[in-house]
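For reference, chains read A, B, C and D in written order, and residue numbers begin at 1 within each chain.
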Amino acid sequence: MRSALGIALVTLAMAAFAVAGCGKKSGGGGEQSSTEGGKLKIGAALSLTGSLAKEGALTKQGYQLCQEKVNKAGGVKVGDKKLKLAITYSDDKSEPDTAARLIDKFNDDGVKLVLGPYGSPSTEAAAAAIERNGQVMLDSSGADDNIFSKGYKNTFAVLSPATDYVAVIVKAIMDGAEPKPKTVAVLSADDGFSQTAAKGGVAEVKKQGLRIVAQESFPEHTTDVSSALTKIRSKKPDLVLGSVHIEEGIAIVKQSKELGVKPAGGFGETVAPPTPDFQKALGDSADGVVGSTQWTPQVKGKDAVFGSAADYAKDFESRFGAKAEYHSAEAAAACLGLVLGLEKAGAADPKKVRDAVAGLDEQSFFGPIKFNERGQNVTKPMSAIQVQNGEVVTVYPKDQRQQKLQWPAK
Amino acid sequence: MTQFLQATVYGLLEGGLLALVAIGFSLVWGVMNIVNLAHGAFVVVGAYIAWKLNETAGLDPYLGMLAAAAGLFAAGYVVQRCLINLVVNAPIWMTLLLTFGLNLLIVNGLILAFTADFRAIHTGWASDSLAFGEVRVPYGRLAGFALATAVTVGLVLFMARTRIGLAIRSTGMDRAAARLMGMNVRHVYAFTFGLAAALAGTAGAMLGTINTFSPASAAGYTLQSFVIAVLGGLGNMWGALAGGVLLGLVQSWGGQYLSGTLVNAIAFGVLVLVLIVRPSGLIGRPYYEARAEA
Amino acid sequence: MSPVLETRGLTRRFGGVAAVSDLSFSLEEGSVLGVIGPNGAGKSTLINLITGHVKPSEGSVLVDGQDVTGERPWTIARSRVARTFQVVKPFRDLSVRENVAIGGMFGPERASSARKAIAQADDALERVDLLEKADASPGDLSVADARRLELAKALSMQPRLLLLDEVMAGLRPGEIQPALDLIASLKEEGVTILVVEHVMKAIMAVSDSLLVMHEGAELARGDPETVMRDERVIEAYLGQRYAERARKDREG
Amino acid sequence: MRAWLPWAAAALGLVLLALGPTYVLYDAEQRTLGSVFMFVVLAQGWNLIGGFAGYPSFGNVVFFGLGGYTTAVLMVKTGASFFVTVPAAAAVGLGFAVLMGIPILRLRGHYFAIATLGVAEGMREGVINLPGLTGGNKGTTIPAVGEKATASYPGNTGFYFYFLILAVIAMLVVWGVARSRFGYALRAISQDEDAAAAAGINTTRAKIAAFALAGLLTSVAGAIYAYQQVTIYPDRLFSVDITVLMVVMAVLGGAGTVIGPMIGAVSLQYLSEWLRDNLTDYHTFVFGAIIVAAVLILPMGVVNFALDAWKRRRIALFQAVRAYRL
């Protein structure tokens, strides 16, 4: 009796809450509401808190810079109108399910054009919702092949696919090293992105005729990779490749030193070496490590919004007081891709925008933007960097090179 | 053979670090029957204190360790005295929720203050190592192991020889009796918690010179502490050291002969197995017999 | 006919110490056995061994000639063996009536629904004179009422064998007589009773025979008068008892 | 008040909730409300073992994850329809609860809490290390969306109803348990296990049954969740955070009551949503502070607080501090 009353009250309250809090359901969104008052509403669900808070913040800066540049120039020319960008940010707490829910929320509000969240898991969850709702998403950070193997039509990634991350390091070393390494050990974290990157790396290694003497993996986010290193030590590889994030990347170099793992050539790692944390944590030991990155300020190409890569770097530094790095560049490029698509489509209708984006073939500060049928930007090359005397310098591809690769690294 | 020896040495040293992390946790659980879910957060705070002092004032991290210990002792004392003492006799989920809430506060406070970036305290020598033939013994980890042993011995002596140590032990065994004997239980509890927090801070500063850390590392340290405290037996100081070494070795050997991604699974497997088979811990009888609830 | 309760060489060791050692006795239907002994003599452990709350290290327990050694407590309880606990163990968050109803729900005569058992609980409450507090919370009861509730919970199991662990401890002299009357009337009905008690006068009044325990073992057994004159009992037990009384006085 | 009145009101509320998607609720609101229903189920599952039986499980998420993975793996590997996988997920949740309960429910207090946590974390690692079956850390994707979809996708409205129906079932189950002999057995166990056994309660069986029921409800919720997510990852499906949320919801609503966990789930889910929207950077920090404050101020939960205020005409805040302080 008592509990029945309680249940009744709560159910009623919930129903009332739903009714009062949500207002009246109209016929659903559509183009009208997303282009009100000369403004074009765009949604972005980002990891502003949680485990990916740092990368989420960087991504947001890229989107912000894009919006400011576009609006300063008067907005996007859509058909005969000039529309100002109005990006709405929402926190997905680094949780994929929340990201997907926020995409639905955007859809309810009539926001059909979306900029991607940070990280492959959130992007993948968002992509499924985008596909269902008929929205369009420009993905700035989800590189894992999983996202693009499902036949989704409405998600486009401006960045190079995960398979390139390790492969570009191999290319850079085989291009510039003397003597060239003959044997390789491949270490990988066990998350999807790192595994895919390692797979691409292994394929490239085989193509180049190197011998793989060991392949080991360890849990994502671990700071102890000693087991893997102990196992590969006796194999004496010339090159140790790490498909990793920052903490495992630091651990590989640190613990290699502890354990006396000294590859004749040196180390190559994805993601970690370009970040300042890497050098701070390792000091001198960071020197010589080769890393891969989606973007450097030496990237060739220009576009109407940002100009060249060097221009972008300058603008970013003056706006945010920090050096431009690749997460924010990816984000700015995703936003640019959407802007270019809108201009080409001449309308904000999601279907038209989708088709226009799919047909893009443009140069930009980020490199070429051109999507294959899966929505990946495969023509864009990745870049390789090396830490030399405490500085991150670009060593590959040739047209971006600042310094020659030092190899053997030390 | 070299590989096995190297794995053994490394596992042993890693075990020392694990023990250092867990010893305060085990002490609090044993004496007060509180599972402190914020323990890992204390460890990380210790690492941040040493890191910040090193970064801004250039203070040697081993001196920073003292500062971390002192700071956390004070913080721990206050937290117990003003917060946990209020519900110390309550059903256990209440202290679990309370310390979990504290953990959220500390971890997210650290993110707000220092961002979620990865940090490490660079010493220049911690990654160098002694070489015995092919087997390497890194200085940094050796220092960690030595510290863990010293802390264990020191704590055992402290408990046996000092007034407050005796007070902690007797309160842990029988609170009512301790009170009858004129002990200020509130103070003793707060002191114990402060001591545990100081030990956590010490461990954090030590780890900061060896590993990378970020606010998100806290949960991992708490989980490791569970495993070690259970392995070693609650509140058993030698047990914490032995449990840490055991876990270090099992993980290191497991990493050599099984897939490297299985190390975490091994740790939890061992935990559950020990709880089912011998909940009083592998090493001897529990220090506080009354706490063996199973 | 086999005795209602029989123990054979019953022994329980904790660590190295024997809490109960080599106890053998039997109890005929409708008889009352008083068990006395100083604190730590193993009286409560004896009850725990009979009810299955503690497993014997050696020896066996027979109820109605059936070996129940090693059976779980609920199985033994359902064969009409009920007990009280020395430290009262009410179900705090249930009302007094619901506390008693639990026995009706899960005891030998299981009621078909919770509602029926609750309706039937009043009989046991009336017997211990606790009916007017049926809706109270156990936490609000006085010491005497808490003991009564403990007794009512045991009665709700409709026992043939009742094990009473100090049900009169902490009662005022005036409150003891009703308890004794209740035991007497249960005996009339043929219930077999084992009483552990410190209140000497009470135990002498109700017991048919007396078992004196010392350090887990039997020190003396027989009819109350004879046992109480036994030299060893006076020496080992009464000396202790005076010390005990003195301690209680100190605590007020 | 007439006895039928609350029932009529509850029925009216349900009808309104059932009509919601058609007339009032946008997609995302259906999704939000759906997740509220899901947490009602999870909190009630925890309520059975933690609230009624008094065994504070810190690993209930293991059932959630197992249910989700059962559904996902079956749908991916065998192409089974979702409705076929639901009973399978339920059976896995129930079976695992029994298997795990037999050894672990002998432990009490912190030992039980930590053992359940260990099982949940260990299971996550196990799932990560079976990439052939589960996709490992890469996650696994139910082919329900996109061009290559082989399974249908019910959409937000569909999942809204799935979760609503499951929540109603969970409420009815707990309501039934609360007034049954079984419910009394669990409450007796939570308050004194020895006395419960002495009263003839088969404590082992009752505890395992409660755990199994919790496992069943939780695993079905996990199955629906996995289908809704399309792609699932071990880190999310076995996340300690989900366990903690169910504990917090059940406890702050009122553990061991019928409506407490529901109130807890509804209010905390909306509260955290509100915090997220309004305090972008600080919301987790504030959530931590709210937990600490709630434990001190309203430790017995909203429902027990209200009952106490009604029955004894007093406002008992800081109850735990009064009762348990040193």
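One rule holds for everything that comes next: a contact is a pair of C-beta atoms (placed from the backbone, for glycine too) under 8 Å apart; a residue touches a chain by one contact, two chains touch by 3 or more.
These numbers were taken from a predicted model, which means no experiment stands behind them.
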Strictly by the touch rule at the top, which chains does subunit B share as contacts with subunit C? D
Taking mean C-alpha coords per chain and comparing to the overall C-alpha mean, nearest is chain D
Can you compute the centre-to-centre distance for subunit B and subunit D, using the mean CA position of each chain? Integer Å is fine. 32
Starting from the mean Cα coordinates of subunit A and subunit B, work out the distance between those two points in Å. 37
Would you kindly tell me how far, in whole Å, the mean C-alpha position of subunit C lies from that of subunit A? 73
Can you pull out the residues of subunit D that are in contact with at least two other chains? 125, 128, 281, 284
Please output the residue numbers of subunit B that touch at least 2 other chains, ranges allowed. 108, 259, 261, 264
What are all the touching pairs of chains? A-B, A-D, B-D, C-D
Subunit A partner contacts - residues on subunit D that touch it in the complex: 1, 3, 6-10, 12-14, 16-17, 20, 23-29, 31-33, 35-36, 125, 128, 136-139, 141, 143, 145-149, 153, 155-156, 171, 175, 178, 225, 228-231, 233, 236, 257-259, 262-263, 266, 270, 276-277, 280-281, 283-284, 303, 307
Subunit D contact footprint on subunit A (complex, rising order): 1-15, 17-19, 21-22, 24-25, 48-50, 89-91, 93, 95-97, 100-102, 104-108, 121, 124-125, 128, 131-133, 144, 146, 150-153, 190-192, 195-196, 219-220
Can you list the residues on subunit C that touch subunit D in the complex? 51-53, 72-74, 77-78, 82-83, 85, 89-94, 98, 101-103, 105-108, 110-111, 113-115, 117, 153, 156-157
Can you tell me which positions in subunit B touch subunit D when the two form their complex? 29, 33, 35, 83, 85-94, 96-98, 100-105, 108-109, 112, 185-186, 189, 219, 223, 226-227, 230, 259, 261-262, 264-265, 268-269, 271-272, 275-276, 279, 293-294
Which positions of subunit D touch subunit B when the two form their complex? 50, 54, 56, 58, 103-104, 106-111, 113-115, 117-119, 121-122, 125-126, 128-129, 240, 244, 247-248, 251, 255, 281-282, 284-285, 287-292, 295-296, 299, 320-321, 323-326
